[in-house]
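Paired with chain B in one complex and with chain C in the other, chain A is shared by the two complexes that follow.
On to the complex of A and B.
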């Protein structure tokens, strides 16, 4: 919906550059906007401010240390980077991961998904200026970080996965606490809904705003919750199951346009809430069936060197399809580690998506895309 | 000074203590001292009190602790904030335009101190037009804020200024019409007339006098939030896309001046709402008459002030509470709401209140 008042009134467009650091941006990036009044006529995006040379760093370190780098791919959802790298290496080395280790990995991955989605709610709430929900959600997210600390000793940047399993076995009472947290979040979801989802003010800010058309999703290769909110039914956990996801029962929620259009900001928000519920279902199932046994494959020695070969692993991270191309030439360091972060596709969609919206909606639309600039810039 | 009120004696009797008598003191000095007293002993402490309560209550609502370091229970936090802001200085050179518009904006705001209705004894100016003077200030305030924003020569300032102006215009119409509704019932726009048409008991308050005034009350409160850009309808001043608009270029002393000005606007509007709709400063009749018979004007002034401020603070905290659990609306939504919802309903309330008043007159 572009308005052409500048043609009608013969007025000039205003140019406005925001970034790389600005309150309305979810992460460092620069937006060059042309404004027609308060409507965005066009937008150019510049990223790369968080480039750390992560993939190159992977080539300079031993296989074991690379896990710590993969962990930094996306600081907010650290486990997914580790996981996709481990899956790639295990495919090359034909390492069989013990069932117990798989269960621990699924628990970690789904807890990370919940925590990342909770952080997403915080960012949306901040964008629409709703302070209270921010504190409520952060309080609940702390409980998940507590679980990470209990299991791995770290709240962020866990560095817990290993080729062929995980670093340590679960401690006593961990599984019970996971279930406790699930129950707590299930109760709190009602609170979030009352405060936020069905709040008239939030609906006014999010419904019919920033609608993501299917054509744009396909053009940019967008995946994950953003694509599913627009009705694109694609989830790696169902398409090419890994880590035993095929044995678990869960649904893939799709956007239904309850507040406004299918694929608007409200749909993207609602879809995250539903994904949190599905993740809790998965956690409950896994918690019931953690088998006894090793937590790491006995094949992986301390100074394990990956045999020559290459593999491409892909998983469903909290933001979408996360791919990792690992190449080994049989030496102690990787020959190439390349990530396919989902946020890159989301960033590509930004210029077209924000055209025609008001600048007041810009922070809301950007927050609703869940842009992980750290993983896109890597 | 024509006060229209011969009970201005509170400041005269206070001044006698420091050696000023009506024979050696010009009236303008009395007026100046009265304004200073009002500002220093009512407005500033109210600001500190409300900002502390706001923070503590919001913290309680939001499952966190709130200020707890400065003084017992964080009680001195507002003073610590002010001291910190006063020490800071601006990073950029200010042009004369920005200084000029900041002072215009501030003067417009504090000119209303003269008409601030704080009690039957403490009234400084009580004319037929008293109730309209705060509107004039609010409009000048809107204009001053807009020009302050425009003079900053930055995109946030520009958009912030324009948005504030749009909100001010949108909010002033329904607010004025709602004021007319009360005036029709009371039969005048003097603060004393408006207050005396109500009583101590809630059932004698203007808000419950008839259904149209109840509507007018809600319209008056909401249009005030729009007019002065107070949370939750503070889109013009606080949207995150423009970093808070006009205030984004203010630092240190100027920021504290601006922020306190915004608080004063909120306070002013709440006081006026209480005076117009919620029984003003009226105490039980027997109590007031008893004190008047004893000629204990200062005691009466204090009681009236405390009762008025109690209601004002309750109203302010209610608004703060609502703003804490709601999202911030976009400016175009706020102005739409004001023009398309508040304005028609205010006209409806005006027609209804007029008919009601006419009916009662016969």
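On to the complex of A and C.
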């Protein structure tokens, strides 16, 4: 909970610098903290340690190669980078994606969302020192990575999407295995809840801690599960549906403050669990309706060149609104590929959010924000 | 009288600021080309517009076309869900000089990391109104390039350094031959 400056102990302030590499940080970044006893009086955050020149690299390579670079935007949720780039290019080229390819893309996107949220559970469990749940969750996440491997041959950095569709058709039995994994995770969710979600120790560390006010969300432009946990009802899949999400029935969970406040660490954690459930609902619906047909548009052939033009595509990644401004001048390389990563806004909120919390809560609050520093640094 | 009621209102509030209205790419969204020095007044007008309330700067993108920077503001209303694209251009005086654009972070605070990003990567300096704090005063030091990096990497004329702090840069990434001009 944020405190007024009058609430501090008025002791001599101590300055701590943490990072860029430290066990309590979810990713490389540097925090400069000013401490009043155990309370964080002020915080400065510095990023940029994972900059790879991704946008420049996109301008230096052929359109086809750029998909592999977009894939590296967020290594943990690689499909979203590919998807947003493909949607932008398809808008420029007026490419209609076949229904079968759309279904395969949605399956991959929702599996990635579940996988990313499971990794989130691992990070937050590590931050509160709960080792057992980490093994449970990682074991189940492996099953999703197995599915990626079955479909694409890769467990991370899938590089599977193509302009106008996907690289290959689904293998025999893939859809059935997706449903099996959904059922397995549905059963395991009860185990997570029994073991961790409503565990007294976890509640003590997460309830009423790191509450994100709506005003801060609006000021920083935060989106995704972090914003929805604080009651901001915004999801790109509902607001401007893409890839056939408008034909699917699913709900957008919002924070309810069961453990503590609306928008605290526990609420953000619970919201991810609910999103996993909704993703499984989506997967079941899509699995029932995968039509026969092409897996890539016939318009995208060997001689296809992206025509001159520009587009701004936006999707809901596992961390929030992921945008991509694509500009083509009709040549073999992109003129500009600019990403709008959701984690940039989350990082911007960190200094104000951690002000007034205890130093022991810092790793938990940082883990609860699901900061994708790789996508913010690009 | 302009057919678009938003443009009519903008023309009344900030006369002469709107230069042209086009479609953005192939989307139905309007892209409004505006006069560079009017961006702050236009931003305030758009944010307080009674019918649209563009209170969210969703994205800020810079594109270079042969020495001309086009800065694109993707605006959205969290109240009415309206979307609009604001665009302005700035000509580069010399290949190494910086371009100065009025900052909009006082209107949309979420612009801070985006403006800093454009400043580092393109050399587009976003100048805050006199007397107000600048983006440099923000607690979020969201930067991309390492200390001491020379030049603006996303400019088209950028030449890659041969070394940085005694680390040689040996990857031949510039002018790599592309075997086919096709997409499979």
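The working rule: the second predicted complex is superposed on the first by the 367 of 378 C-alpha atoms of A that agree within 3 Å, B and C clash if a C-alpha of one lies under 4 Å from a C-alpha of the other, contacts with A are read in each partner's own complex, and residues count from 1 in each chain.
The working rule: a residue touches a chain if its C-beta (ideal position, glycine included) is under 8 Å from a C-beta of that chain, and two chains touch if they have at least 3 such contacts.
All values derive from a computational prediction rather than experimental measurement.
Looking at the shared chain after the overlay, A:16 reaches chain B, while chain C stays out of its contact range. After overlaying the two complexes on the shared chain, residue contacts for A:92 are found with chain C alone; chain B is out of touch.
Residue contacts after overlaying the shared chain place A:245 against neither chain B nor chain C. Of the two partner chains, chain B is the only one touched by A:129; chain C is not.
Touched residues of chain A were counted for both chain B and chain C, and C has more of them. In the superposition on chain A, contact is made by A:359 with chain B only, not with chain C.
After overlaying the two complexes on the shared chain, residue contacts for A:295 are found with neither chain B nor chain C. Of the two partner chains, chain C is the only one that A:377 touches; chain B does not reach it. Residues of chain A that lie in the contact sets of both chain B and chain C are absent, per the superposition on chain A.
Contact residues of chain A toward chain C in the complex are 42-48, 51, 53, 55-57, 59-64, 91-92, 94, 162-163, 218-221, 234, 239, 300-306, 309-312, 314, 321, 323, 325, 327, 332-333, 335-336, 338, 340, 344-345, 347-348, 350-352, 376-378.
Residues 58, 61-64, 155, 159, 232, 235, 238-243, 324-333 of chain B touch chain A in their complex. The touching residues of chain A, when paired with chain B in their complex, are 14, 16, 22-24, 38, 125-132, 134-136, 139, 195, 199, 201-202, 204-205, 358-363.
Across the complex, chain C meets chain A through its residues 24-27, 55-59, 61-65, 72, 74, 78, 81, 85, 108-110, 112-114, 121, 138-146, 153-154, 158, 173-174, 176, 178, 180-184.
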